[in-house]
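Once you scroll down, you'll see the structures, which are given as structure tokens.
Both complexes shown next keep chain A, but they swap its partner, so chain B is in the first and chain C is in the second.
Showing the complex of A and B:
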């Protein structure tokens, strides 16, 4: 008699993964579906009217403020990604190539130290460092280098980029480190043996082979920073909102959930499109085959 | 050695320390142009270190390396007239076969089509014609090896360095590549320096072999001489199989020696058969190769000078050959310990292999014995 349905092993497997699967569904899929359905409903001021509409999306896609904030978010997270990855690469390179093997895990451990304090406190600390009466300004005035505190170092895009780049540094260092560790060292010797100096060997061998790690770092930094809420609020002083701040305003301050949901879905789509474009470009131009 | 042309590679009093570890202990070596030279030794003997020193990947603590008459002290690896085939082959995984082979041609001023033709030619030379477009990671071990060879040879180096290039291949492939490498070396005429721990590989391929132990060259000779006249017991033991029997020196004069060997009797040995390399504690020993003695069938006679009785202890059948472990009559005469020796015989089709416990006669001649002092 032919077996019907699942055999015992498959059933056991499904039983095992069922709790986390249901949990993931409840935590991830349900809210996304809720947001998605809200975004097609009508706002009735302080309440949600159950009527299908595309007005929210129309408003999101035509509003110049949304466009400005969306572009700013993209610009800021692109900048943060660039700064983070460019600064993380030398660190990862140093740990992978210069540090003695038995010291490597200690270095990785040290890199994670900033994570011992909460994200919020680290952001606050940057405010303390960069503020009007902050560490930098008071030291510089105390040393007589400047007469009055610098104002361009806080409450602007630069300070947001600086704070986020610091916060996400380990997320960029670790994948690049792993990619560098995987490179067979004899490949670098082969590059030298075939007549290239250290710099050209780096350019023609190390960098292309490290690209998977760099791509992972870019995505890991870019995707969460575009939706970052705390840093623009604190470091940007609320004057330079990013898309997450706009969503918060619509959802909570103005209690326009349908519009806030449409914003959130739009932001999600933009991130997805940008990430996919990035991956496609990489595949096309860098030809990273592993 | 009388050689009027200057050597391609010359090492003078090379010393290399890794911290406290003395990896190379005064290497003096000269390798001729166009020679197939092997560095042979067990792992950790310094052979790979020496190769990497020549390639420029390792600094030296003292001494000098000259390639084609030029001091290499301040010449980095990328400017040396050497190319290497790495043990892992070091094929760039992000590049195609053709891109791998063309890697070293970047600064070559020739136009692109000409370079492409060179790549195709190099691939053809190693038997990989038409493989240029393949991805490097889609190749088998043997193919990777060939790509690594093509990549190095396309640059027409003065010296090709090979770091255990065949150790990752299976036996059939290895034997095939050995022959191909010899042919290739004759074809291109480049000096090859091979590092290997496989004595058979070194014997098959090399013009000359340097046997290394513990950072020193124990013997440098042509394969035949190395096999027939090993300079020390250690070299003899490392290269092929050698039987050792304790000997008692009865008389020594004018470089000749008369020795009494339990099981074989008294023999007179001329100077060429006496090895005076550093004696160890075990006293004088007589050595001989398994194939130099012949097992006689009943009633068979031999042209060889001497005959000895023995009993078969073990028979190891190899298809084309059989190894016999024999207990020599009277071998316990000197110190009460019976000794077995290993004899190899080519099998004759259709003839029975004698079985364990049979009493047999061995024919041999004193000319095949080597005395280790």
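Showing the complex of A and C:
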């Protein structure tokens, strides 16, 4: 009886999950499998020739331009992740520990609003803020603090990192906030009672317990930023491409779909490997019982 | 205690500063939208509403707006419908492979959009489909779905199961119990999911850029105009309108989300994501 009940429940569950699951299979899995298979095919004139080859991967892995762009994308993403998570942690900590419970959701709402407003225009406005005659430079020259506009914030990797760190801020704050919320407050009191000072309690109790949130934040910022297309295009002026721009050029401008596919697959693989490595390095924190 | 208060003060100041950083671009937007100077830089010249007038008279922009609204409405309805199925399945039923299936459906939330857009484009071109706003709707439904599921799962999870069972005992069928009991209780979650999906779709650029063919949407129109310095003030005006619209939609969404939690008697644990 119990078994039959289970089966009926499982069947109902499957029936319900079927429509979204089939949709995701058709619109996400099938296309990804298609580019995976394209990446092993040969590029012909105006069409893809059905001939198995590893040349695309050979080209991707040996081309110095691809290597430069891939390394740059990884570095930018890593920097963005570091900056975003480090800057976000105190904010999450403040909202979780210092804000009165009934006002927490208002704070979270305030933090998420900028995230939902026109991404393109936000990115463009960073260009305006950081630009040669931008807000920062014109105010600093106007105040007489500097004579020449600052160039280190202009159309370069720094400005890309800053813009992306701004764009992905809520992605970092929310997971850390959730992890902090789960921490049993009596553990902190216990730490204090046992003679630890504030800093040590934070270091030995709060931070380890918050690590699952920090790890989630790292991944959730790192993975999408590496594929960002708009920011390098607008802020970098198209001169500092990241991997997404390279994929787009191969796929559309040069119409070499097998090579573009191999690039996309390689990028996904690199992201997956880096993410898994990161998870493996931090696995002791994920075992923490909450 | 005074040390604690001091520490709290420091953190508070930092958080407020951080909020200022988050809001900096949005605060600048209306300044430039109402500025009569044609160059987006300080000092500001004077007050004008010309850019809004210019925006109103722009035919391409109006076409982009119609397209964007059509796409956002269709995608949000579709994503929310799929979301209801998934949220109901994941919160109410146990079945083998559930974690994997749910994880896969939620994948577009973290997958770089360029991958989604490019792979879908390759398939669509491969089968000879014509790019139009329909293809954008297909893509947007996929990326809005996880957000809808996240919101709806909270709504469904805090649902008291005994209410439905009581309805069965009183002679309701599965479907009528769902319609009469469950649906009204999760309605705030549904509205919230519709609004969030609408906002995401309205603002989405990458998929629209690659899958819309020659049809403009608001973000792709904005992107095409950012190259022309002359058009920038008008784009700032458009941005101001869009930001205001997003904030209104989000505020309504947030209101319904909270009301939903209050209705079920749950504790508010956080924001949208």
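Structure notes:
As a working rule, the second predicted complex is superposed on the first by the 267 of 290 C-alpha atoms of A that agree within 3 Å, B and C clash if a C-alpha of one lies under 4 Å from a C-alpha of the other, contacts with A are read in each partner's own complex, and residues count from 1 in each chain.
We take it that a contact is a pair of C-beta atoms (placed from the backbone, for glycine too) under 8 Å apart; a residue touches a chain by one contact, two chains touch by 3 or more.
Keep in mind it's a predicted model, so treat the numbers as computed, not measured.
Once the two complexes are laid over each other on the shared chain, residue contacts for A:195 go to chain B alone; chain C is not touched. In the superposed model, A:16 lies in contact with chain C only, and not with chain B.
Once the two complexes are overlaid on the shared chain, A:205 sits against chain B while remaining clear of chain C.
With both complexes superposed, C is the one of chain B and chain C in contact with more chain A residues. In the superposition on chain A, A:100 makes contact with neither chain B nor chain C. By the touch criterion defined above, A:187 reaches chain B but does not reach chain C. Chain A uses no single residue to touch chain B in one structure and chain C in the other. On the side of chain C, the complex with chain A involves touching residues 3-4, 7-8, 11-12, 14-15, 18-19, 21-26, 28-29, 32, 39-43, 81-83, 85-86, 88-90, 92-96, 98, 101-102, 104-105, 107-108, 110-116, 118-123, 126, 138-139, 141-142, 145, 149, 196, 199-200, 203, 205-206, 210, 219, 222-223, 226, 235-236, 239, 242-243, 246-247, 250, 254, 258, 268-273.
Within the complex formed with chain A, the chain B residues making contact are 55-57, 76-79, 82-84, 86-88, 90, 92-94, 103-104, 106-107, 135, 137, 151-152, 155. By the touch criterion given at the top, residues 6, 9-14, 16-21, 23-24, 27-32, 34-35, 38, 87, 90-91, 93-95, 98, 104-105, 108-114, 116-122, 124-126, 128-129, 131, 133-135, 138-139, 142, 166, 169-171, 174, 177-178, 181, 198, 219-220, 223-224, 226-230, 234, 244, 247-248, 251-252, 257, 260-261, 264, 267-268, 271 of chain A touch chain C in their complex. Considering their complex, residues 184, 186-187, 189-197, 200, 204-205, 208-209, 287-290 of chain A touch chain B.
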